[in-house]
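In order of appearance the chains are A, B, C and D, and numbering begins at 1 in each one.
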Amino acid sequence: EVSLYGMSLILAWPDEYAAKVSDQSVVSKVKTTKPYPLASNEWKEKTLVEVGNVEIGGKRVVVAAGPCAVEDEQQVVETAQAVKRAGAALFRGGAYKPRTSPYSFQGLGEEGLKLLRRAGDEAGLPVVSEVVDPRDLPAFKGKTDMLQIGARNAQNFQLLKDVGRIGLPVLLKRGMGNTVEEWLLSAEYLLSEGNGRVVLCERGIRTFERSTRFTLDVGGMVVARQSTHLPVGADPSHPAGRRELVHALTLAAVAAGADLVIVEVHPNPERAKSDSEQQLTFDSFRLLMNRVTALAKAIGRDI
Amino acid sequence: EVSLYGMSLILAWPDEYAAKVSDQSVVSKVKTTKPYPLASNEWKEKTLVEVGNVEIGGKRVVVAAGPCAVEDEQQVVETAQAVKRAGAALFRGGAYKPRTSPYSFQGLGEEGLKLLRRAGDEAGLPVVSEVVDPRDLPAFKGKTDMLQIGARNAQNFQLLKDVGRIGLPVLLKRGMGNTVEEWLLSAEYLLSEGNGRVVLCERGIRTFERSTRFTLDVGGMVVARQSTHLPVGADPSHPAGRRELVHALTLAAVAAGADLVIVEVHPNPERAKSDSEQQLTFDSFRLLMNRVTALAKAIGRDI
Amino acid sequence: EVSLYGMSLILAWPDEYAAKVSDQSVVSKVKTTKPYPLASNEWKEKTLVEVGNVEIGGKRVVVAAGPCAVEDEQQVVETAQAVKRAGAALFRGGAYKPRTSPYSFQGLGEEGLKLLRRAGDEAGLPVVSEVVDPRDLPAFKGKTDMLQIGARNAQNFQLLKDVGRIGLPVLLKRGMGNTVEEWLLSAEYLLSEGNGRVVLCERGIRTFERSTRFTLDVGGMVVARQSTHLPVGADPSHPAGRRELVHALTLAAVAAGADLVIVEVHPNPERAKSDSEQQLTFDSFRLLMNRVTALAKAIGRDI
Amino acid sequence: EVSLYGMSLILAWPDEYAAKVSDQSVVSKVKTTKPYPLASNEWKEKTLVEVGNVEIGGKRVVVAAGPCAVEDEQQVVETAQAVKRAGAALFRGGAYKPRTSPYSFQGLGEEGLKLLRRAGDEAGLPVVSEVVDPRDLPAFKGKTDMLQIGARNAQNFQLLKDVGRIGLPVLLKRGMGNTVEEWLLSAEYLLSEGNGRVVLCERGIRTFERSTRFTLDVGGMVVARQSTHLPVGADPSHPAGRRELVHALTLAAVAAGADLVIVEVHPNPERAKSDSEQQLTFDSFRLLMNRVTALAKAIGRDI
């Protein structure tokens, strides 16, 4: 029994379905053929997730933009202003960075969260940032409007459980080695702890093709959208790995139905402390927003 | 030295560049840093490939549609009419079918090619069909306007050489286990035999994700487009494997810049002798064409 | 109905099983739950494939060794002598080479087959060589004791059909993008044409790991061995891609039950015209044979 | 500057090498061309990791055996006795289980650790168990002789840092979507925090082949062994996914040079609460140990 979306839910797999439940306080019963009953769309229509004043999962294609990592105040403030002007709906940046090497820049931590908040407030954009350790969660309170769980923590079930107990909306990336079903089961961890404000985000999987950093699995994203009531989006920056590919992959994700896209933007990508290859300049991002806006209209959506 | 696009070409890798070539009959020298000098766009702008009256690689997004396999006259004639009405530019169907199992329907062979030609002529559409054996090439003469080399023969170098010696335009699919570079090297086999009328076609690669039949590698398609002067397209039907996914993947491919898309269409997909799961009905194809047309306009292209 | 192993076989899938067959000339009926009835071990115990005087699939682990490509007479004669002395049972070398690039050395063709035969005869070793085009089959007659079908032609179904109609034993490699089931279905093409003398050979699949050239799928090899009556072996040279890895992968394959292993050996690997990185010197091969022999004994087999 | 193996180490990438370091307390300087300087074998010979009285990385092939999950006292006590009798050197069992689904059995937690300790002590075997959350580390003190970091946490860098600060030996599994280099970089997190008692463990990667649960990457294991001074082992149970494959994969791993192998054993696998398909019975494990012992001797090692 879980409390979710203002209802008390009882999970029931087909063969153990509690038909006799008659408790008045139980509003709904989830009956499912899928291993992820709460995330499945067998019992619920499309869910809208609100982040500040922004609604994800509706007609609008939500663009979340910002630098890979928070580096200093000027960088985040300028970037927030620039992406806001270009039409982004959310400001996203990393303060706690999960890095493959212990010798890479690990982020500014809580100081970075403060800078993100200041920049987001000045630009009028809600803030999204990644959490990598449950013990850091108190630092996020009040400073972040949406928590991101990154690809490398997509099956860090302890983190999922802790984040599931917090009311903040969650942006859940797919692990680079995870199937669509495993990704939905990770979402199920969040939902089964009572947090239903979850947006799924495809970010590229590991395949034999290495001319791109990862392989953006547009098909997997579509399968996920057809399997869950939660909004599903994509991060085209990480699979691209090179900025020349970001436009095309962003347009592909939107055309295939993404409810949200994440684009990495930096005032001076060449000098970025992380992922410098894949971040867009302000000019390139503005151009991309024009293209995305035209495309969104053509498929009956807004930006 | 190859004769291509009306020029005599001399291949030259950087360290062996024949600067002293002064033969008047040699129009161009290809200098390259890539392993596929003739296919590389380092020496040549975008190539337009003409198939009948249809130009691939220009502003128009060319839609090639038709049944997976030719089954009988009524089927192909009806389908050709239907896809023509909906706006397809090419009629595509399989007469020689490479099937994973020896017990699956292997196609009608030369009889199938005749039916395709008749159906294409009646509908006014050039015909594309797959060749699987060099010894069948005489049967294709006059019956087919474009030869397809399928994924399973993408590294059948003997077939590539033989098809390279024939003047017909070629639709070269990427092998399911091939990198983008290997795919371009397969094109190089065609070009180095003197056939420059080649269109590349991404059709999904093998990855760990099995909720789709293959993983449509949109990123790989974009990398190919940025590496070669040849047109590059996509086949969304095979990676989809289920018709519910075909629309979204087609739109993604077009948004990412595909010069051509292949869509499998059947009068009655449930009864199809092959790939019944992924073929669209006439109605669904018509709807898809409306969506693709709107999207193409939004990105500055036509259908 | 197929004639195989001296029997007339009738294929019967469970729901269409011809119980009423009473023709005396029909010796066996193959009933199966697998898509590859003839290759399945549901109806037949382990098959022994004889190549010259060498039996594959029995107690002996058969080592097939030789150069990647035939380059000249001295090279093949020396190598045949060396691998014979070290204990190899078959001599293997490439005369028709399927190369990723049209500009790579494509092999000596029929001349190479003659050199192989001479070298094999002098050393007293049966000869294995790859065929890439059905039209070359006459050239192989009398010169080769076993035909190899390479990874890139593993789903070249025309070639499989033609080779299936010839009596010579076949070494069938797994395609780099093929599942175990697809590989067994390729074998089924050979068997359904009446050729039951087939040995399967795992040679590495395409995965995201690129520190090796391919990923030797030992598990897939074991699954194949548990699914078919045909002998199953491995080629550790190609997945290794570097000679430092060849010993370990060969030992792994033998420990896991390989009936045959292929090892590439060259008098002077640094100067080899193809795959120079992965070929062993004579000394290294001799050492490997000592290690393989000790290991084979420990698991109850011979060399 | 890190303190490791009783030395003070200064990391130096080639271009920033501090030749002028003259501090007497600095015993060694690590100069490297690899991104994982401390784990690299460019500066250090093979490291032996001691777990209780068991040495990993020497002549002995260490077998760690036990149930996937601790279920009750009888189960663990019986299993510890059985694997000890058969020749296992370490007792391994899961108390905190990272499960893909929130509805699967999540383990007995601290109570499970106590049972493991009791069973290990009675059998005279050091105990290995997985930690999934840094906040659980105090519970492991005194109850576990070696900490396992599982595949799903292979890039949970917070956990790696915390475990790196603790003196206990660590068994670090490779993530199912991680390259060999990323795996070694995860080890580098442990080493750079001052914990050099690390054993790497290959456990199968995600590939397109699904007839096995994962693809045991024997080649990747060999590459790792040739790149680091740390011991490297393999877990054949998880990639197998079915007990019929466990023997062959274990033998393959040992033949390829594994310093340690992990085998899952259960008194009654059919009734196991997790991974019931892949756990061996006592009888099957005893037989496997006989086979592994014979093989180890043939390659110059002990059990």
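Operating definition for what follows: contacts are C-beta pairs under 8 Å (C-beta built on N, C-alpha and C of every residue); 3 or more make two chains touch, one makes a residue touch a chain.
Note that the coordinates shown come from a computational prediction; the quantities given were computed from them, not determined experimentally.
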Other chains in touch with both chain B and chain D: A, C
Farthest chain (mean CA position) relative to chain B: D
Of A-D and A-C, pair with higher C-beta contact tally: A-D
Centre-of-Cα separation between chain D and chain C, whole angstrom: 35
Length of the line joining the C-alpha centres of chain A and chain C, rounded to whole Å: 48
Distance from chain D to chain A - Cα centre to Cα centre, in angstrom: 33
Multi-partner residues of chain C (each touching 2 or more other chains): 177, 205-208, 210
Overall pattern in which the protein chains touch one another (line/ring/star/complete/other): complete
Chain B contact footprint on chain C (complex, rising order): 11, 35-36, 98-103, 132-135, 152-153, 155-159, 161, 175-178, 182, 185, 188-189, 192, 205-206
Parts of chain C lying in touch with chain D, wherever the complex brings them together: 177, 179-181, 204-212, 215-220, 222-223, 226, 239-240, 244-245, 248-249, 251-257, 291, 294-295, 297-299
Residues on chain C engaged by chain A in the complex (per definition of touch): 206-208, 210
